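Alright, structures below, take your time with them.
In the two complexes that follow, chain A is the common piece, with chain B as its partner first and chain C second.
On to the complex of A and B.
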């Protein structure tokens, strides 16, 4: 399919680089400043090399991107909250032009799910967002296939940064501040880590799941959120003496969204280590279904986007 | 998963009638201790006398079923009148981790306020006080809960502890003893 990619961060870049191998063609690529548009296919490597050397991607504008003959818009700009702009307007413009949209940006489906549904319902284009939750783990398509009405609750560890920090604090008996600094050096945590360690990222993902399960009605303000900033290595040691550890668990159950540090058995599936993610889907008829894997990063998130593209191809081409 | 030895232990209740004699209460506690049982609570109302002139006592304890049998047979040997016994009262276990400065100053008050709730009982606890940062003081409490409804018990714990400025971390339902 012909792709227009908005956002040239780790996800946008990975999608651009892996598109050809997945049988797609990138005909437009934009970052926050410039864009390159080529109906015969963008020379991805050259454009990304330009970006690395701080040379503009190309001499086109965002307007030019929307005017090209793309079939699917990949929205991979940074997540913003509340109005979810500018991503929301990008999606609206594409759907109103009857194009498909695939999201990596969590903001629009977490904060403005119902607004998006109205626009998507009137469009011949489809809206998919596997990449917004759990990186490379196919959570959304699994929920779609099982059917929201057959799902009672969903619980999981959906933020790799917090999980990395808790895992390392417990394993090496190191303080929160020490491990956070390490994670920032390794690029696992952002300079401002609040979004991850404060539980907001996990909450957004839970809100998206809640919206899918209930057909909308939730935004970030509906989530009860507690982060991991107050967890000390002493608390982890104490938990360890009971064969327990602490994980930042997000849960969607009975119309409520809760994100909080939680004691989990060291033997349980939920005690995944490092940047791994895991999700447990409590089904009505098939018990608990557990999926685990890489929850973030360019490659895994791009693979979720290709999964959406595969479904669009199956349903529309 | 995550089974500890204590998980084969269950909560039991024994109702006894004691004669009004010094040392009588101690004699019913001794078999619990010598059999390795864990005393949760004891209710001994001295003014409340049965028609036969005895004092009713209710004892809650945690132990294995084997231990419970030998405790009961000790009572038989000692001629202590057991009016009721069984595994009934506490249905579930709940583990909570508390973090905050008030653990340094108010730990015993915190534990007794949890224990003062009829449906909650602290089975054991373990505490770490950090001298360099009191706000990191932590304690873990293992509770036996009477409530069938775990969520109600969690709400109750949170409301009992709401004035202490603590971070309360609850165990994942599927993580403990399952």
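On to the complex of A and C.
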């Protein structure tokens, strides 16, 4: 399919670089300042090398991107919460032009799900957002295939940064502050880590799941959220002596969203280590279905986007 | 969708009973002797009660089933290997009438994959077989969505009976023969357990995966197979002292299919307990994706069939 990619951060770059190998053609690529549009296919490597050397991607504008003959808009810009902009406006513009949209961006589907539904319902284009939850793990597609009404609850570990910190604190008996500093050096945690360690990222993902399970109605303000900032080595050591450990678990059950540090058995699936993500789907007729894998990173997130494209193809070819 | 169900064993019965709740209508149901056909919808509970009381399901024949206005044939008959009959003929007849087919039956896709592909390619109907591998775990759909060429290898535990036996032998230090007898009493193992404990069931599932990854070319004779019949308590105890355990692992990698008892870390995902199944998909760009859940049973297998129906709907509505 012909792709227009908005955003040239790690996700946008990975999608651009892997598109050809997945049978797609990038005909537009934009960062926050410039864009390159080429109906015969953008020279992705050249454009990204320009960007790396602080040279503009190309001499086109965002308006030019929306005017080109793209079939699918890949929305991977950095987006603020609450307003969900600029992603929301980009999605709206593409859907109103009857194009498909694949999101890598939690804001719009967490904070403005119902607004998006209205716009998507009136469009011939489809809106997909596998990449917003659990990186390379096909959580949203699996929920879609099983069918929301056959799902009783969902819980999981959906933030790699928090999980990395908890895993390493427990394994090496290192303090929260120490491991956070390490994670920041490794690029696993942001300079301001609140979004991850405070549970907000996990909560947003749970809000998206809740919206899909219930057909909308949830936003971040509906989630009860507790982060991992106050987990002590004492608590981890005590857990350990009972073969337990602590994980930041997000749960969607009976119309409620809870994110909190939780005791889990070290033998249980939920005790995944490092930056792994895991989700457990309690189904009506097939017991608990568990999915685990890489929850973040350019490659895994791009893979989720290609999975969405594959499903669009199944629907529309 | 309007379903015709062939086979009234645990899977056929579960599909029939759960169809209405999933938005489908059963218009034909057949066991090996009789059938009931009703274009307004079969009274499933009544028919199954008849069967339980040794009364014929209805007064129709298999020919009547194929003449009714079904949209999807659910093939859940017991089928012999190699010839893959009678399932193969049923599938052929339905596809040649441009109907969809959903399989619960490993034989045809393991032993006659290429023959089926030819028939399916000429049909307006689609052939799906999620339920043949891993019960309620959406393994085949996930492979389809990721795309075979983005998958490097697949390995997993795909036979609940063997896994139940190994888990219990290790946990209670009981002999293979003792636990096998228990499993037979519980209905977890067949009277002749060779198909499960000898690794044949696992191998068939691996053959199906290999066929999908490579577009065909594999049958059971291509698999190297070793079962669990000779695993001793001594071997399990020795493993245990190194924090390892033994699992019957099937693997598809580089065009080869191997099924054998394998040492796995007790902390690894592969050390699932009881009748659980698990699969690890090594992807090109998203690391290892792990799926785990109920690998057998009426409910989980029926759920896989409904998942296929859901995907047919996405394709054709």
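Some points to look at:
Here, the second predicted complex is superposed on the first by the 316 of 317 C-alpha atoms of A that agree within 3 Å, B and C clash if a C-alpha of one lies under 4 Å from a C-alpha of the other, contacts with A are read in each partner's own complex, and residues count from 1 in each chain.
As a working rule, contacts are C-beta pairs under 8 Å (C-beta built on N, C-alpha and C of every residue); 3 or more make two chains touch, one makes a residue touch a chain.
Bear in mind the structure is a predicted one, so any value in this text is a computation, not a measurement.
Counting the residues of chain A that each partner touches, chain B and chain C differ, and the larger count belongs to C.
Look at A:314: by the touch rule set out above, it reaches chain C but stays clear of chain B.
In the superposition on chain A, A:294 makes contact with chain C only, while chain B stays out of contact range. Once the two complexes are overlaid on the shared chain, A:246 sits against chain B while remaining clear of chain C. Of the two partner chains, chain C is the only one that A:145 touches; chain B does not reach it. By the touch criterion defined above, A:134 lies against neither chain B nor chain C after alignment on the C-alpha atoms of chain A.
Using the contact criterion defined above for the overlaid structures, shared-chain residue A:7 touches neither chain B nor chain C, since it reaches no partner. Contacts of chain A with chain B, set against its contacts with chain C after fitting on chain A, overlap at residues 266-267, 288. Residues of chain C touching chain A in their complex: 14, 18, 22, 135-138, 141-142, 144-147, 150, 266-267, 269, 283, 285-294, 299-300, 302-304, 306-307, 310-311, 314-315. By the touch criterion stated above, chain B contacts chain A in their complex at residues 1-2, 4, 95-97, 99, 126-128, 130, 133, 135-140, 142, 167, 169-172, 174-176. By the touch rule above, chain A contacts chain B in their complex via residues 155, 226, 230-232, 234-235, 237-239, 241-244, 246-247, 249, 260-268, 270, 280, 288.
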